[in-house]
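A, B, C and D are the chain letters, set down in written order, and residue numbers restart from 1 in every chain.
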Amino acid sequence: MFYPGFVFRTSVPTFASTMSTFTLEQVAEHKTTGSCWVIIRNKVYDVTDFLFDHPGGANVILRYAGQDATAAYVPIHPSDALDKNLAPEKHLGSLDTESINLLKEAGKNKVQTRDELRVEEAVKNKPPLGRIINVEDMEEVAKKVLPYRALAYYSSAGDDSITHVENGRAFGRFFFHPQVMRPVSGCDTSTTILGYKSSIPVYISGAALARLGHPLGEANLTRGAYKTGIIQMVSTNSSLSYAQISAARASPDQPLFFQLYKHRNDATAEKRIREVEALGYNAIFLTVDALVPGNRELDIRVPHYLEDFENQGLTTRRKTDVDEGETDRLGTAGGLVIMNDVDMTWEKTIPWIRSITKLPIVIKGVQCVQDAVLACEAGCEGIVLSNHGGRQLEYSLPPIELLYRIQQQRPDVFKKTEVYIDGAIRRGTDVLKALCLGARAVGLGRAFLYAQSAYGEAGVVHLVRILEREIRFGMESLGVRKISELVPQMVERVDWQSVSRAKL
Amino acid sequence: MFYPGFVFRTSVPTFASTMSTFTLEQVAEHKTTGSCWVIIRNKVYDVTDFLFDHPGGANVILRYAGQDATAAYVPIHPSDALDKNLAPEKHLGSLDTESINLLKEAGKNKVQTRDELRVEEAVKNKPPLGRIINVEDMEEVAKKVLPYRALAYYSSAGDDSITHVENGRAFGRFFFHPQVMRPVSGCDTSTTILGYKSSIPVYISGAALARLGHPLGEANLTRGAYKTGIIQMVSTNSSLSYAQISAARASPDQPLFFQLYKHRNDATAEKRIREVEALGYNAIFLTVDALVPGNRELDIRVPHYLEDFENQGLTTRRKTDVDEGETDRLGTAGGLVIMNDVDMTWEKTIPWIRSITKLPIVIKGVQCVQDAVLACEAGCEGIVLSNHGGRQLEYSLPPIELLYRIQQQRPDVFKKTEVYIDGAIRRGTDVLKALCLGARAVGLGRAFLYAQSAYGEAGVVHLVRILEREIRFGMESLGVRKISELVPQMVERVDWQSVSRAKL
Amino acid sequence: MFYPGFVFRTSVPTFASTMSTFTLEQVAEHKTTGSCWVIIRNKVYDVTDFLFDHPGGANVILRYAGQDATAAYVPIHPSDALDKNLAPEKHLGSLDTESINLLKEAGKNKVQTRDELRVEEAVKNKPPLGRIINVEDMEEVAKKVLPYRALAYYSSAGDDSITHVENGRAFGRFFFHPQVMRPVSGCDTSTTILGYKSSIPVYISGAALARLGHPLGEANLTRGAYKTGIIQMVSTNSSLSYAQISAARASPDQPLFFQLYKHRNDATAEKRIREVEALGYNAIFLTVDALVPGNRELDIRVPHYLEDFENQGLTTRRKTDVDEGETDRLGTAGGLVIMNDVDMTWEKTIPWIRSITKLPIVIKGVQCVQDAVLACEAGCEGIVLSNHGGRQLEYSLPPIELLYRIQQQRPDVFKKTEVYIDGAIRRGTDVLKALCLGARAVGLGRAFLYAQSAYGEAGVVHLVRILEREIRFGMESLGVRKISELVPQMVERVDWQSVSRAKL
Amino acid sequence: MFYPGFVFRTSVPTFASTMSTFTLEQVAEHKTTGSCWVIIRNKVYDVTDFLFDHPGGANVILRYAGQDATAAYVPIHPSDALDKNLAPEKHLGSLDTESINLLKEAGKNKVQTRDELRVEEAVKNKPPLGRIINVEDMEEVAKKVLPYRALAYYSSAGDDSITHVENGRAFGRFFFHPQVMRPVSGCDTSTTILGYKSSIPVYISGAALARLGHPLGEANLTRGAYKTGIIQMVSTNSSLSYAQISAARASPDQPLFFQLYKHRNDATAEKRIREVEALGYNAIFLTVDALVPGNRELDIRVPHYLEDFENQGLTTRRKTDVDEGETDRLGTAGGLVIMNDVDMTWEKTIPWIRSITKLPIVIKGVQCVQDAVLACEAGCEGIVLSNHGGRQLEYSLPPIELLYRIQQQRPDVFKKTEVYIDGAIRRGTDVLKALCLGARAVGLGRAFLYAQSAYGEAGVVHLVRILEREIRFGMESLGVRKISELVPQMVERVDWQSVSRAKL
């Protein structure tokens, strides 16, 4: 156990009043598409009708048909997922005591996989937090202590990861014109985002499935954000329920943004929006750049990798000698987007959301100048220049390049709406370049997932401190005291590509 | 054996009515340029007069003078090659039964070469097709299971392979301007090429000697093309006869294009064109960029490599201590082009072809803007911007760069003729960039050779599925539903070189 | 011992007239923030009140509270530091004889650290000076013989060392237009800097803590400069006192420049300026690009590195399992800048310095065209285009690029003030490019630190000889006989990045 | 022995009529600067007065003072060097028979150095010439079979070898616009240079000391040039005498060019020019880019390398623990240029040469557009755009880039004089790019040195055949039949850097 003694307060799933009990044998009989039962946290559920509505596909469930699915289910589903998606009468009841004990016994005797052993060793050798002095250090540790499946989901990018890498390299074509002999004492790094105060011009970008990396998942982010005075954006696909995250806030005033993947069914989408507004979320970030499953090959290859890794050196080299079906190509990521509305338009969708909620609307995933202008015309309160961290369409322009083009071609955009960017931001200088070029704030997603995976809430706090220090130092070095003094003239786009991290 | 139990229906070579039989000893006496006999599939041929007409040079034949040449001959010659090239009276007869048994026995006792052993091992460890998730995976497998000589022929490029690599790198200078909030459900990837329907804007480019990689050779491509709804271009130098390939079609409606290397003898060329038209081929792709043998060094070095590889660790390090002659520098590739017409002109050659056939004429190998214009003026139905996959003149402009220049300088070309490109296309995004810039379709050659070499027809089908999925995803991400909606504004040529495949 | 027999004449710290003596036990009782004593060179000091004024933070001192701090103190403090910073009554007295002997005994028995052993071995294998044929050779040797802490301080740069590397790479975008058939016999490499003669257009840039690398420290530079006819700039943070350095001059006419970090307390700053003017220093180089501590990660990680390095292979892997505080992030470098004035302005600060001294004022750390102009308007006698060797703000423009921009946009600057550059200059060609583009001279900092660390004064002389030879050769090759003949037309900024040092 | 049985006909040095004989002991007494004798080919010479006139410095001679210097002397001096430089009375006489036998005996018992053993092994494993299929193959072999000192001299370049590498990389920014459908049968690669016929537009550039690599030295080049119909340029510093090289010609009609390093003494220079004109040389290539010794570090480090290499693993690591003097920094190369005239001018020097000789004058080493124009105005018959193969001033523009600039800025130059380029040419495409951009021919220096070092005359012939084949193929692929059809429109300078040789 990572965090011995810690009990996370989940909302206990509700059950039908008259509960039956079942033996493992009884459950085991229901293992086909005709009748499919699964055990989750010692409860028995009939998921037969749900099989083909499951966003991740039926196959994933059928692997556990008639068996205990707890270990696979828990880290990637919020606690209210069964309530929300499964009619009460399908909550069949509980295992009997003997079965529960049998499962517990089996759990104890379970042989650890090689991946689990690797992680266990890595956790033992984890450096103390004080040794983490920059964002990349954090990522390095996380990549060691994360289970392979989680790592693959977090780190994978589209096709050949070129866009992911290019997002970062693009910052290497922007240099500063620092101004000296300017008073910088009392330099203030704070700003506002959609009117909400933020201690630094950085927010936690919506990123799904935080519990893959840490048992407390998104709650680490919520608490860390509070302690450091920044704002968290919560993903539609969070692994805690929206209510749990809302409850994790230190005070009801702590702002939360909601990253909306609009469901193709308007009624479902409406319900989701109303729920988060009621829970006190403060803005809707409508995600428009990841409506169809991207080709995240690392994620897709996870089953191949694990299989080979476990069998290394054994005679039987492979089990999956058959061509996988389409859904098996989705990986962890693909399953999340399968129900998205792929027919949204500026004319139809924005007014429809306005009709449901008073919350400000931000378009997340703008990738060309023209769409930035269209978002302004549609009255959006903000836009995020983003190619989804390079996880979707390969060769979508790096956000800092797009920002630069908007600054060159349509500077009026910055007067009409707040502009943010995300993708491969790792240094205070990256943040400052974006701000000089007109961005109001920047989002970091993976970095925060890594931080909470490696060190929980303390990691999140530490990460913000690192960024805060780097941003402050950068402002002082540029000769400014306030965020608003950062202007385009302080940045020059050069005609060469600077080197990547140089090892000394 | 790769595919045990499979028998490929070849057209049996016809023989003179009164057949003689010969012993191995009798044949062995004819081993000089004065009298040269060879055995192929237990038949005896007198090739004395043909020696110096052989496209691959006399030396290659003389290595087998008086001996059995079956293993070397079969994979690179269509079954009708002897009929077409050798007068009936030179088909001398058959081996006697005892000689046939002796050969068979010798075949059984033959010690496998190190290269054969390597291939055998690689075939055993070949991953299941389901693990192949992109074009490069396919290439990787093929490069392991191909015999060295085949690999060298397939993969070799001109001089230092710079152009081959640059063809691919060029795509890394084109980025997308994806448009969001556009309806993309029901996205349709199909188009037409020369009026023929294609499920995706991709065709199989003419590539010679498919049977070097797989016993079914070009027929794998024909069948795979049918199953996936795309079109195959057949090379003049196919290793199955044009008739066999035509017969491999699932229906007479399945379109086939013909890649013509015009023979320097007009009569021979005319015969060839009339033959394919009669067999139902649907277009002539006149190849103009590979009329003289390129300097494909990997291919040329094959004999050196194999010799050293086999002798590794032995005392005798080298056998070929003499300077090889000119023809030995040709490699497998060089032999194929030696009879080409190197004096074609726009004024003379196009009208001459028109006078022979009603088929549309496409010029394959246009390498500068001016020639694209000349092809339009000559009334060609299409042009392929191609530098022969980097296999001919080093530093010929990458096709996507040439396409971009035509789009900039002479956009009228796209209205007058269909434009295709080929060379180093590996991803759906490569295809889409070309289409945005005005191409109607793109050709893949090596990729299909690799696919059929590694997995036969199933490999071809799988490859198309991969491309189809990537193209569809790309279209949806760009915000388009139809191929015709892809326009130049969706692509930007940037001033930096993006990274190559990034390993995570 | 490096230099056996050598005794450096330090100014002996003055003590109160009536001196007490103490035992080690007595001193050991004062080991808290409430009462903190330390032993330095067998003398006892009460630093309790000074703890929180210490530029390097209290923690660094507290590690030695109640103990002997000599080894840590001596190499980084000038001999007059205690006099200047500690009231006479805090100079408590001396250890008694027995205690002195005990310390001496302990010193003898002290087990060498692994880093000390490494250095000892490296010194043994140091190549003879004649083998050092270029600036990089010198750096290579120094990096081997320097203690890790010194190396980290000398070599570390900001964030990811990108700017440090880019400073050097930038020279690779400037090529020469050499002119032939011009008489070059008697080529003269000398010039003047602020009116002072220099044998080559190079000066020793101010760099702190030379005694970290060699017991004679800055004096090596002073003497080497004299022997070769170049000028030394002395850092505010020199490890010898300004008086000692002044005294190390061969004659009172030898010019010395002073690199001023203006203290936030005007009175302290004034005292410092008056002191150096009185000592005969000839110019004030006001440093404006390193007022707040940079993020020099190599320097910051020193404690982690040493700890791990010493414990390698032992059971106990780490001692510092707690989060280090803010001051611990400062590294050796951070401590030096903590008292700087961060609120200087052109309007206020320059006239204030003028009111105190008649010395010429040079602004060191100009990083944009506009500030070059402002410095002219403020009447400064010179400016150094510098990003502090890449040690401060990452992505500050490389100085040679800035020089080029000034030459393009504001060539009038060169008529109004002397312009110098520093940062990553390693070759005579680097110097000549800068001079062609308008620089009067260039500064080298690290290179001289390395030279004196590796070979003392002889290293300094050797380094100048190397540069002199390269500069002369370059001038002859360009077809000029005098520095003043170097003009912008002799240099072209090209549109590609040339390779870095090529290994043959 | 490389070439057993071969005896090269050297002109026997003349001696004073009355010859004395000496013993080894007698010679050994003269080992100081006061009286310095050396033995060369069993003859005794008094070189005392010559010591400080020796271009390579006195030290080099003093190493052999009083001893046998044959092995060091022979490979780098033409046979007439002693006659030309040493007065007859200093040719003291011969060793006596016993001494001669003693020397012979010593030679037999001499332990081979590690470098000699390495070379011996490499020569044994040298691939047959037929395996050499491109210029780089040749270089690779030569680099293995050359003694270290020779390799260092041949391959070394200025400073960090950046310019040497950039010369080659520059070709990677020029791409072709090949034209198809043009008749190319009977393609003719021949041209004229200064009116002399050449089978391909390539000449052998003057390169010194060919006998370091092969006992027949420059004569290999003369004979190979004849066999292949190209022209050789002979260096002032050839290791055969100009007369020997002239005599090595197959016929008096075979053209030879002379690369002149003008001696600072006009009389000496005049004598040299008159000598080569009398010997039938056909042009003067006045070298102007290597008048002062370049910083060729590989060459300079030779003594260090050999010493360490020989002592590897022994206790005594180093012998040279003292600082080497200035002349020791010259390397093999430096010694050759020390007497050059560094005060030439267009106005004075060209007319002076004209006054002595009727031969055409070509300026070798033009490095900027302006000097190309000045050479035209001075009436020179040709210019070589060259930075001396990157061996002199680092960051001199690559010649192909300079050629491109002249084509852009002053195309009139090509009408007024013949323009050649040299430096890092390795492929037929390199040659063709230069010719398209206006060059009449290109020179290769190192490549021919490598060829003759590895395979003697046969290597030279083979190298030309390789180039001829590549040039012909390139012309055919570009759609031209004659050299004169190569025009600037066939080449495009692109805005990216193509990859270097790609390994497959």
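Note that contacts are C-beta pairs under 8 Å (C-beta built on N, C-alpha and C of every residue); 3 or more make two chains touch, one makes a residue touch a chain.
Quick caveat: nothing in here was measured; it's all calculated off a predicted structure.
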Distance in touch steps, counted as few as possible, from chain A out to chain D: 2
Superposition rotation for chain C onto chain D, Cα-based, multiple of 5°: 90
Interface residue identity across copies chain A, chain B - same or different by half: different
Chain located farthest away, centre of chain C as origin (C-alpha): B
Mean-CA-position distance for chain D and chain B (Å): 46
Shared-contact residues (touching 2 or more other chains) in chain C: 495, 497
Parts of chain B lying in touch with chain A, wherever the complex brings them together: 125, 127-131, 133-134, 172, 174-185, 427, 429, 433, 462, 469-470, 473-474, 476-478, 492, 494-504
Contact footprint of chain A on chain C as seen in their complex: 155-157, 159-162, 164-166, 169, 173, 288-289, 291-295, 297-298, 300-301, 304, 317-318, 320-324, 328-329, 342-346, 349, 363, 365-371, 374, 387, 392-397, 401, 495, 497
